[in-house]
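Each of the next two complexes has chain A plus one more chain, namely chain B in the first and chain C in the second.
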Partner chain A sequence: MLEEITMTRRTFLKVAAVTGAAVAMSAPTVGSLIEADPAFAASPTQKNKVKTTCHGCIQACPCIVTLEDGVAVWLEGDPQAPLNKGSLCLKGLNQLHTVYSPRRVLHPMKLAGPRGSNKWEKISWDEAITLAATQITTTIDKYGPYSFFATVGGGGAYSFMQALTFPSAFGAPTTFEPGCAQCYLPRYAMAQYMYGGDNQSIADNSCVEPWNEYKKATKVLVLWAAQPGVSQTSESGRAIAELRARGCKTVVIDPHFSPDAAKADVWLPIRPATDGALALSWFRYIFENTLYDQEFTKYWTNLPFFINPDTKLPYEAKEVWPDYVAKTPANTPVYVCYDNKTKSLKPFAFSLPKKSAVDPEIFATAKINGKQAKTAGQIYKEAADPYTLEKTGEICWLDPKKIEAAIRTYTDTDVAGIANGVALDQTPISSQTPLGLMGLDMIMGYVNKPGVTLTQQGPTSVPKTRPVTFHNCFGGLLSMMWGVGAGVGMSPEENAARIAAFPDKATQKWQLKLFEDRLGIRNHKGLFSWNHSHIPSVLDAIRTGKPYKPRVWFDMSGNKLAMLGNAKSWYEVIPEIDFISGQYPMMTSFQVEACDLVFPIQEWLEWAGVPMAQMNYQFMTTPVIHLGETVSNGLPAQKVLDKAGEIWGKKMPPYLIGGEESQEAVNQAAVATFGAKSWDDLLANQDKYVPKVVPDEQYWLYGQHLAIVDDGLPAGFGTESRKCEVYASLLIKMGRTGYPFTYPKELPPSENGDYSPICQHIEPAESPLTDTEYPLVLTSGRLPYFHHGTMRHAAFSREICPVPPVNINPKTASKHGIKNDDWVTISSRRGEITSRAYLTEGLNPGVIWMERFWNPEAFDSSQKKIDGGWTQCNVNILTKNTAPFNEVFGSYTNRGFTVKIAKADGPPPNIWTEAKQFEPFMPTLQNEPNTKWVF
Partner chain B sequence: MAVVMKQPLHREILYKTLGFCRERRGLTDVEQEIATYPEFKHATQNQYRLISFLADGGGLDRLELDDVGEIVTQDTKAGLSEDEIDDLVASYAFVTTEAGVAVFDELDPRRRILDLLDTMPEYLDTFARVLEFCASARTYMEIEDLLNESGLCWSGVTEDEDAVHPSYFVNNLEKAGALVWDEGWLLSDEGRAILKSIRES
Partner chain C sequence: MHNCLVIDLDRCSGCHSCEVHCKMQNKIDLGVYWNKVLIVGPTGTFPDIEQYALPMQCQQCADAPCVKVCPTGASYRDKKTNIVLINKAVCFGCRYCMMACPYGVRWYNEAEKVVEKCTLCPQLTSAGEKPACVHNCCTGARSYGDLDDPNSDVSQVIAAAGAENVHSLPDEGNHPSTHYILRQETATWRES
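Presenting the complex of A and B:
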């Protein structure tokens, strides 16, 4: 210690020169610290092929890697894969550049200068784990466990479950990812709330039925805010081309003339963030013209139920007829309908349609217990009534005739479905729109049938008992682990008994405490579905310290400065954070600007043997190469948790899901999955063991709700009513008390009132209809070259797409004197960026379009500033992370806000614009040895 | 200022170093002084780097000294080779620049504490209670118990928008320089002085 204290820099450098150590460097070094195998054998070149799975995006296409002397040189799709069928898109191909990128982080790196200096020193894994654990434990000692928080998201390292549970292991409630409420959670969760089943998302692998080649049934597919042609080019993008080729019609609803819109039978270039109005117009038209599936709507949705105007919940029969005794079990309530047979109010008991005692009316009003009540169908009909084709055309900037053509395409067939995309999650109507879109499929009876999108697959999708949905994370994982939350579909008595029987009362109590203390949760209780915090509330808490201050940060993936809405607002609070650990395969602007410590994470060619599914086929991920001291995504968190326990002298609670002790353990799990004798056996005989296939006839199953289960009734759905809840009554209970997530505890009601149980149109807070200062509305989407914030280090993709384009209608451009390829400033109330104009008729003149993330990552000594352009070109400098938020999920405004544009003098100073400038991104690590795993 | 405020773990160390170097100090003296600061136990950088942050950021002047302690000036170096210059410089000293002094004055804990109490008069009693309690070293749990039991603080979900957690008070008092963590929360000298004046007022 004394030596260290008195050592001057001059002395240190002299010592370093002798020992060969490097104190600090302007970029990560790539030398190996551990025993290594030589990368190159003596000539001749040894070639071999290995099967693995791409993880360029979350669709995980099986692929084949060609290696020459241990160096990956060629990637191609696996022809055995049922969906990508031998193809692989640019995102996947980028891997050859990113895995060998000079920007790779191959060793634990500790900051060696002030934050943002991009000066790093290479440290050992033991030092890195000890440093992170010491900072976390000390901060918790100083300020309590709520000072810790973890994050994930942005692509590149998929540590979703780890980030979601890591804070809990420290007794902390705060976790988030830039996606979640802004990506998939609303669509995922709303399907769970409405019918306990799979949702309509294509990109998230939930909607797979249209790609079913065992029974080719889809006749019409509505792509609502989805663009598989660029999002998942080789997988669903390829599959949809086949679908069209065999005669399936498509309707595309997208403000932008995407490749899918270009091939659509009907394209509706909707004004951004007015999807609620359009969906309501579809309801209106379908109701008015009796185009819905009458039997399904009457008997399998809750629209015929009368709704209590005070509680907004459906009347149960016993409320109307106190002496009524239900014949169905306590977990299957009997509601109230208007019976067309008897022309009177009747109990509506759950049964198969043919066994029902009533012919329920969907649209009715009646006096019940002295109050005028309406059926849920009537409520929906009245809510939709203002949205005539003409009125909707005005709101959405659409031709009413085209709206009608789109609806007719969807309704005038027996097999159709709506598939949706992330754009719906990125506005404050993120709950209302999927409510509408799934509701439409439900009233059309497009549920659990061949060719429709709302289907469930596999043998486990056929219930044997009354379906129950646990909402605390996927499959109720956290309900099981922590003994909290109600099972929707269980009776009150069954739920009470389940909670009482949970043995670990201390865990149960503590987790409920964490639930109620979660930032922003009171108003946005839908975040409980993924156990996340409300991002703007976390930002406020860091900034103000109220009600408590998250201040030691463990980030598990991505570039937060590219991904977070209003990214500069996050940059401004970084000085409030005591210590930031990051983990990522690359140095991005976030690691450079914010992190104090960076753990080296593997690219997907290095991943251990995690099995990946593509429909009914299961493929393996194979660690094809391994550079430096990189580890898998789940390993640092587990090691840091273990070390924290060592520091505190206690055993940490086993809440971390997906934490890995070793890579070998992951491989062994794969051995078991594929039924091999050993890992070596599995590797040597991939053709024998991979893929593992569930036979088509056991996978493509339908009519699950009709199966008779152990109580003698049809299974129905995993909701309280056992029906598709087009009127999502669970949302009413949720907003008021936190039910079902926080059961048995009740939280205070949302400050903004009840959540809407049906689709709504809410005019965006920044509206081009009224905004004279910022008259244009900006929306965004994907480009085919990149996934989320990743791959910006891939040299060839950057050559193809060196700068972020802004698409502008020529009429709008001419007003501003802007020509194609001109540089343009785009300003919102949050900030200003610069982009290059691409003029296209494929947008309404009032709309401009950009890629949804952009992080140039061009930081090096050729730039005057370190920021690499993220402040100059990133659309998230413009996005809005302040209220109004979505009521259920707290989603903020990534799309559909107002901007203005002007011609710029030229490009911003800190980005590269020409192909040659990207030369520093060319892969250089092919000569790195393939190393052994660290753990 | 930006250099000092970039990371909370180093803020008080850098502030105190600016104060220590108001008169010229040798590198070893500065390093040894920093080692005595309780905040240094949890710093993520060694003393030399922390000193360098200040020097590179314009808060300290870095002086090169010859083997008799005289400053090596540009004039002295004129005409010498790189190796000769390297041999000439035997040690370093640091002195706070004008800009550094301005930052030091601006971050005077007494000023920070008074600002805190002025801007949050509604919490004066609570701040005083915590300061009084931390006359001897206290764990965070002890402070949490104190505030929860006295009803001064938020604990759990509430409908009160202004409700705060006990760490809110600890954070503010530490940030103002009234509390310091030395294996427990303890009054700083300035915190002790402010507490005295609160008691007397």
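Presenting the complex of A and C:
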């Protein structure tokens, strides 16, 4: 506690009066003073401050909570935080309303009417756990373990690890979240495949170097489909404001004139989902004008390697010269290049550039083993060749001169970097675009240097041995647990030995079987990076029962009907599911329309959690208050798993990661992290212990690939070639066999052929170029008032944004007789929604833009007839969850599909449009006692 | 002493967080905004457009029309800080001041039958803290301090910006003292 002030309520009133406070610090205290009886007024007010971290979005701003008599009354940013610097955005601040919202679910609730009735019966925790476990075990007994499935996501909750492992513990392969292939997995995984390192995502805290204030180096930042000023308002939003203020230039690539676009040096309002073409034009221009970093491209990328036209994999030297004996270790193959020194094909052994025997040519063609072969660089160059500035301008609806200005801003400086965003994941080109964007940074040599985005931090980032990347979830978590998957960077012998040495053969075999049977995995093997199922394939399986029918659903977060693409297709299969358990701090459309049982979950002011980092600073997540019988995200899964074991009379496999520990254990972990004597000591002396800081000089490290490791070679990167694989040859192996995830087992090849190892442009399946019935292209994005599916019940966000505006260019609007603030229907081939028009020049006339949304007021008790609030203004009524999917990850089309608009008669039913209507969402639970944890 | 806000619109992203902090700090009703963020633009024709956000609150006029028209003296200027304030105990809700204010930043409190507006959070500043909107501004755009003190945050921000980049809302003879910083590179300052 930072401070503890004890004063009587009466003296507090006096103090407030003296300070001239027309309005005192908190309504509960002061409001009650006016009519208070003398005894109450004389009783002491305990006021104290506690440090914790906000969890209003996926970044986590350190903040300070002020409590009065145990009630959280004020939130503010922690001035010690290096990024938010004392600020906190409205999403964070909304917690004061959300945690005390009349919408909170404080006890386990069992459905007491038909689904959709929103009638609930309060039951005990024991009853709730028994009910869920009985439903699961009974169904599994009858239909087998594949009838069970679990999900997360869609609400900004943090049950990620549970989703990976909870179904596996039951012997079930099915798990998904609406994000994953549609959010971050492609950009995360592609960085792992291409160089085994951190990626270009700002939102996911992977790209932090531009915010480095110890060495302020970034001169140009390209925000490609990202808007940190909106999505992560007080953390990266603050950081980018500081970056611009110190003179860094920005290029913004976004169809929508976002706040970051408004401040950009160059804004490219690209046609949605044509980013592959734009990236290829950058490659073409950079190759043609020799703007790339020649040394880095030659020696640290795989572009000089000759590619076997049959296998699409790089030739190894021993394939060309059978007698060739490599001097590098077996985990570091020698490839083939054209050597400019000797004007001949030569083995290209891995070494520091200055020690290389060859001067490799990047762009070359040669006859190898009787076949005409090209270098990876030549393949890329030819693929990019059609994308001249003019042609790309036509495809992407951009001015060629602006494209050139953007490229020149990026290349004509010594330090720049690309930061990518979620929009790229929400289209079927979710693998091709990050391939291109990371490839660009790689050929520019913007890797592991001060000021670039592809960097690694901290002492552990400097390798001591040849880097190896395990791809089965973060750091190869599942490889370690289940003894499956190859380490990329290990030799075939090393991998074989590792698998052979894993002691639990039954688990190995069982998990590989679950891998093989995962829905949709055959065609989209990149999903193995997070061990998820392909969502449209799960939907098909529920609908058709083929190849097996998921029947019992355990959902661990949020509003699936607001977050899943083509929500109606999901609503239609809800009757096919025998029993649905949900959990969330409050009821959403999904709980109302689908769930049979709801577990009460904590809001973040109640969490005891792991320390959260801002760069090299660690801050506490402190349980500040606690209401009712709420629990943390991981607890219900663990309790249900334990109960299922009890019912079956067996011990369940210990796979569940992130399952609940006792409050004491969580507290003790924090005590250890911050080096306090005890929990009480830590809480009482937060100022002393928090934050914990890694010194700047130990954190901001560079040139990791140049460090000489134990084999006498430079470390290089965690790929097969030990180089940045701009030509991502791992994708070729992956699509054909499941390597490295399913090693030692080979899965059948993808039915759609090989995955592209380089960037591509694919015209969207629903294209405004050819669609006459639905002539406009829709894309979406965040507004700063909400995160994911959260906060639509937060009155102070809703009064700013009661209805998600649909942005339309005035030219387009006038064709339809639409004026500003008119009600408009937006229709796609999947459905129709209604919203209010915002006419803006900040959008191409061929594009419309809208935030996804749902309306919790639709089931407010004041409504004559309730509904789940997911049909009125929800962009996911329109989105497309059918093929074509992204080949690697199975991503469907959340953005960049076609729609039409028309003027509507009025608002849709059951929604609120005016500020005062949101009064029923104002907080009411401040008088709830702070309770002890349930478990 | 002349305390007021200076807001750097080159930094401001229009996130509305200051608006919500103000409302939470000052317990303001739904539909009432002592501080409200406006978006100016986009102006121009796609794709050659510009835009900036403009947080609006009491402009702390040097010659405040609200003080002049107030029949009861409820609208007054604090002698020490020169901040324009409302003494709610004296206000009887005639709302003349709301009509007199050129910027529409005064609001009627239906429950208390009085007029309210931005106070610059004396409950915080008197304890050495910054107003809620300044402390929590997500982009570091807001500063608060004494315009008469060359070493104050606000004076330093104004000096660093250069005179050509410092603006105020249109002056009808009321001399608004809140300053906005906006460079031409970000957007053209609009006088309407």
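The rule we apply is simple: the second predicted complex is superposed on the first by the 877 of 935 C-alpha atoms of A that agree within 3 Å, B and C clash if a C-alpha of one lies under 4 Å from a C-alpha of the other, contacts with A are read in each partner's own complex, and residues count from 1 in each chain.
Methods note: a contact is a pair of C-beta atoms (placed from the backbone, for glycine too) under 8 Å apart; a residue touches a chain by one contact, two chains touch by 3 or more.
Worth saying up front: this structure is predicted, and the values here are computed from it rather than measured.
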Partner chain(s) touched by A:Ala366 [first = chain B, second = chain C, both, neither]: neither
Looking at A:Phe796, would you say it contacts chain B, chain C, both, or neither? Reply first, second, both or neither. second
Between chain B and chain C, whom does A:Ala405 touch in the aligned arrangement: first, second, both, or neither? neither
Which partner does A:Leu93 reach: the first (chain B), the second (chain C), both, or neither? second
Can A:Thr840 be said to touch chain B (first), chain C (second), both, or neither? second
Chain B or chain C: which reaches more residues on chain A? C
So which positions on chain A get touched by both chain B and chain C? none
Would you tell me which residues of chain A are touching chain C in their complex? 16, 19-27, 74-77, 84-90, 93-94, 96, 229-230, 233-234, 237-238, 241-242, 244-245, 257, 259-260, 262-263, 267, 269, 399, 402, 784-785, 795-797, 799-800, 809, 840-845, 914-916, 918-919, 922
Listed in rising order, the residues of chain B that touch chain A in the complex are 3, 5-9, 27-28, 31-32, 35, 42, 44-49, 52-53, 56-57, 86, 89, 91-92, 139-141, 144, 154, 156-159, 162-168, 170-172, 181, 185
Can you list the residues on chain C that touch chain A in the complex? 10-11, 13-17, 19-21, 23-27, 30-31, 41-47, 49-53, 78, 85-88, 119, 122-123, 126-127, 132, 135-141, 186-187
Touching residues of chain A toward chain B in the complex: what are they? 4-10, 12, 110-116, 131, 134-135, 138, 141-144, 146-147, 513, 516-517, 522, 545-549, 551, 575-579, 596-597, 747-748
